[in-house]
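One structure coming up, written as structure tokens, with questions to follow.
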Amino acid sequence: MRKSLLATIAFTAMTAMTAVSGLLSGAAQAADPIKVGAIISATGPASFLGDPEKKVLELYADRINKAGGVDGRQVQLTVYDDGGAADKAASFTKRLIESDGVDVIVGGTTTAATMAAVPLVERAGVPFISLAGAVVIVEPVKKWVFKTPHTDRMAAEKVMEDMKKRGLTKLALLSEDSGFGKSGREQTVAVAKERGIELVADETYGAKDTDVTAQLTKIKNTAAAQAVLVFGLGQGPAVVTKNYRQLGMSLPLYQSHGVASKEYIRLAGGAAEGVRLPAAGLVVAAQLPDSDPQKKVVTEFTKVYEDSFNSEVSTFAGHAYDGLMIALDAVKRAGGTDKAKLRDAIEQTKGYVGTGGTVTMSPKDHMGLTLDAFHMVEVRQGDWSLVK
Amino acid sequence: MKMLATTDLSPDTMSQARRVGPPILKVEHLSREFGGVLAIGDLSFTVAAGDIHSIIGPNGAGKTTLFNLVTGVYKPSGGRVLFDGADVSGMAPYRLAARGMSRTFQNLQIFFNMTALENVMVGRHLHLNTRLLPALFRFPSLVRKDREAKDRAAQLMADVGLEKYIDADAASMPYGALKRLEIARALASEPKLLLLDEPAAGLNATESREIDEVIKTVAATGVTIILVEHDMKMVMGISHRITALNQGRMLAEGTPQEVAANADVIAAYLGAAP
Amino acid sequence: MFAELLQYMLSGLTIGAIYALAGLGFSIIYNASHVINFAQGEFIMIGGMASATLTASGVPLPLAILIGCGGAMLVGVLVAKFAVERARNASTVTLIIITIGASIFLRGVAELVWGKDFKRLDAFSGETPIQFLGASMQPQSLWVVGTAAVLIVAIGLFFNRTLTGKAILATSHNRLAAQLVGIDVKRVVLASFALSAALGAIGGAVVAPITFSYTEMGIMLGLKGFTAAVLGGLGHGPGAVAGGLIVGVAEALGAGYISSAYKDAVAFVIILAVLLFMPNGLFGKRGTERV
Amino acid sequence: MNALLHGRLTGLLALGAVIAVLPAFLPNNFYLDIAILAGFNAVVCVGLNLLIGYAGQISLGHAGFFGIGAYASGVLVGVYGWPPILALLTGAVVVGLLAFLVAKPILRLKGHYLAMATLGIGIIVSIVLRTESGLTGGPDGMMVEPFKIFGFELYGEKVWYWVVGVLLIGVVWLSLNLIDSPMGRALRAVHGSEVAAEVVGVDTARFKVLVFVVSAVFASVAGSLFAHYAGLITPAKADFFKSIELVTMVVFGGMASTFGAVVGAVVLTLLPQALTVFQDYQQIVLGGILMATMVFMPKGLLPTLAALLPARRRA
């Protein structure tokens, strides 16, 4: 009796597990699709980056499949939402590699998620195109890791270039305490030293904070400060912006490219007026001169995005588009999805004109963007406007 | 303590042939107040070793409070309690148990998450190895003594008439059986002094008589018993001495006959002013 | 120096008022049913999300708040009826898990209905900061503190002056006795959930212009509300209000003078310190176990 | 009383058999990974069940101890270059001491007050781990080196599966031993009635503190090994949600049943993975399942299932 009971339990448990594993491995596959995996922070504090990224990946995978796929192969996209948590990103990366057997991974919305995935893709040898900003992702160069957005160092350089133009030399820094913000802080400190900008305050805030008046009060009381730079992404910088105006602060306020989305302007409302930040040309597509090589690409992408989702395009949507296109372009050139060949093909990307600029990679440069694809924009009347 | 004898002593032979033992418990000027209300006030009495000593009094007289003070569940506001010659006022119940004092409860305090046998085995706690490492790694000596404790607990259950409940879950037992289970559990700790708080409350006449027998048999083995009980027939039948309380103060003390004849006691029970 | 202190105090009182409302919600439900409702934060979230999304689609603000409040009350009653009431005799920890399950469920539904992004609600009367002895304050802070004060007074009157209020109080003191004198204890529990939900939802609506609304906004607010309720002594209404204000102000001072990163730890350090010396909170009853 | 709930040897054998044959049914490392995570959770839950299920004390902060163990290994090995086994033991001792120091005052608290205090301790630990980023890497966590012992390096799912399997069997064995001992009975007596336990000589405070320390040390050891296995630890492993998850596993599986704790940990580790197919409905389904289980099976999964089978008295 006792034995049979245990046997029954053991059997039931095993049946359940096999049933679950059946469930997990998904439906039977069509003839040899290109498997693209993605880890995106569609929820959580970075959701205003991740949500458009996810939408764009799904939209373009669908469009490409309807148009016959790549070299006659369909694109099979698997997206997991890491909720902005690095450990979840790692476990989903494992799942993409081990269980879903993807050919290439796009994503890692945040720097933290990307860095958590890096050791796994390096070990497994899977090409990985990150959508996150920090320079640490591609410096030092990692064999299998690439990225599409501009780096935080470029953002810091661009901001300080603009400060110089306005004759400002003393900067107060407020950075988020996680991945992107931390890396951004380090780069800002380094670039400031190079460019002779003095850092007079150095405060941090948490990604989920809803009130940063305490930190801003300290900056406000720093008499020397001539400008304030906020390094963060998601809603945090919007909270900072609101609190900034609420405390009646009027120094020039800079943000990083981590907020280059209309969502930021919408959340911060009137408080965002006059805020400057470096961003890809995508957000000011209509204001770009016709001579700009990006003009055609970004105008078209903007139209497709805005028609499909009835919401305004952000640079993050563009990063995801670039990532997918670079990957699929490399598949064409590599003549298949052999991972080593695919990796080499991505590294050989030359003159690809995307939403972030013209991408030319090399064994020493796994991003391939230059500073001139970065534009300083200012919020005016609730919209981006190119600073000339 | 010897295993409980099954021989019966009639109350008559008991009350006549015995000599008074040395004091085992002394209560001196004990008092306790709750938010300004005096539940026990300046109470002093002595319990002699080997006696069945009853505490009586109308509801609210402070009987259960007294038990809680003596057994360390409450701390006294004033006065002291001497057990076996040592001042034990306010000492934690588990320390008192180690000195040989145990009790039962008016509102049942059964471990309903265990079997009846396990309830009684908990009573053997003081006589077993209760250290962590031997338990985690199941030292053979611990297992052997535990097995002995199990036999002993089973015997105690038989002694109080609970043979048929040995394997039962405590939660499935009837009220009357649980009352005895508490007595068996208390006995398992081998107390010198056992305090019984209304052991017959809620029982029918037959059950009451059976409890009565159990108490007498326990007393016959040399355990001193302090009894709180409303069943006057039982109290008068088995007690050697009685202390009567009213409103937290001493009303009368003496043999059952003396107390039964005391005018103050009668008045208190009839509800008139003394 | 003084301006800085004042600035922190104002921030603290604003968020403390919300903690106070949440703590009051915990206490009301605890009194009626001896349940700690970990979904209390979700009532705040419902209030915040409903008012932000409804006004965005053109509904006038007062109506939006009213609808959010009604929705939260309905949800509260459903949680009470279908989860809490059925598990009346379950252990404390089981009940905790049921209400946590409810909170996860409600967040899931909210994500589906309203989406995962942050919602903005315009401040009720503009965003021009009010300068006050060197500190500056959002007009919305006045709305938060004022609304909380009105609600707290109203709740006090409700419990002391109305029959339903008195019935809830009676049930909290002695459930059986309340039943015996003819109070419908089940309805009291439902009413307490509805009342707590209403408090939470209104709190969520007034605080939304400051914090933004999003589906996870209730998590920390709820935990802090629980802290407030325990700090004041579970089931002690005025205690919960005091607890909320203490936690809010302490947090703001901690963020300003100690470390903004340890802001969230302040509340929990205080509660541990208090429980060490006062195991029933600041104003809780000291009971003696009856055996 | 059922063999399934209390049978010592049969239960252990069954557990061993399941662990031994399971890899044959798992198609790739991803499933092995989930099995390993379930194993780690089960180890913590078996310890936590001693506290919650048997001694009847709530802890909503146990992830804090798991986190301290994990970070002790991560920091001592990664930053200071200690041997992993020494780091693991140091973590366990530190957690044991910390648990001992906080246990005495907080275990005097009852019910919701105890829940609040333990929750507070857990949250404070996770905030410290998040904030002291110089050592811990902050909110993004830190990388942890592989576990090396006697020149061997434990690496990869296939190795760790057996490490965790053996650890789980060991921990279950210890737990069963403890419960079936005078100390185990004393713990259950504390749950049943503290005052009744006291009057037969049980020093209730001592046993509450002891079991709190034991369960915290279990969590710490699991945390240390987890850190080496996962290679990445974040403060989320120590936060409020992880604590709640652990308690839920214990209660879901069945309080006061060691195998119940194991079943609860396994089911609730699998569930979110299986629920990813529900995409946007994931949270609704998870919340719904939690509520429904607790409302309709307040005793938890295993005891309820066992009660459905023909009752069997123990000899």
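Before moving on, here are some points about what is shown:
Labels A, B, C and D are assigned to the chains in the order they are written; within every chain, residues are numbered from 1.
What we mean here is this: a residue touches a chain if its C-beta (ideal position, glycine included) is under 8 Å from a C-beta of that chain, and two chains touch if they have at least 3 such contacts.
What you see is a predicted model; the values in this text were computed from it and never measured.
With steps allowed only between chains in touch, the distance from chain A over to chain B comes to 2. Farthest chain from chain A, judged by C-alpha centroids: B. Closest chain to the protein centre (all Cα atoms averaged), using per-chain Cα means: D.
Rounded to whole angstrom units, the spacing between the C-alpha centres of chain A and chain C is 36. Taking each chain's centre as the mean of its C-alpha atoms, chain B lies 41 Å from chain D. The centroid of the Cα atoms in chain B and the matching centroid in chain C are 49 Å apart. For chain A, residues touching at least two other chains, in rising order: 177, 206. Of all residues in chain C, those touching 2 or more other chains are 111, 261, 289, 291, listed in ascending order.
The residues of chain B that reach two or more other chains are 73, 105, 109, listed in rising order. Remark: chain D residues 52, 58, 60, 105-106, 108-113, 115-117, 119-121, 123-124, 127-128, 130-131, 195, 240, 244, 247-248, 251-252, 255, 280-291, 294-295, 298 touch chain C in the complex. Contact residues on chain D toward chain A in their complex (touch as defined above): 3-4, 7, 10-11, 14, 17-18, 21-22, 25-31, 33, 130-131, 133, 138-141, 143, 230-234, 236-237, 270, 273-274, 276-277, 309-310, 312. Interface of chain B with chain D (complex): residues 71-73, 92-94, 96-98, 101-103, 105, 109-115, 118, 121-126, 128-132, 134-138, 142, 146, 149, 167, 169, 182, 185-186, 188-189. Partner chain C is touched in their complex by these residues of chain A: 42-44, 47-48, 51, 177, 203-206, 208-215, 217-218, 221, 235, 238-239, 242, 245-248, 263, 266-267, 269-271.
For chain C in complex with chain D, the residues that touch the partner chain are 30, 36, 82-83, 86-87, 89-94, 96-98, 100-109, 111-112, 223, 226-227, 230, 234, 259, 261-262, 264-265, 268-269, 271-272, 275-276, 279-281, 289, 291.
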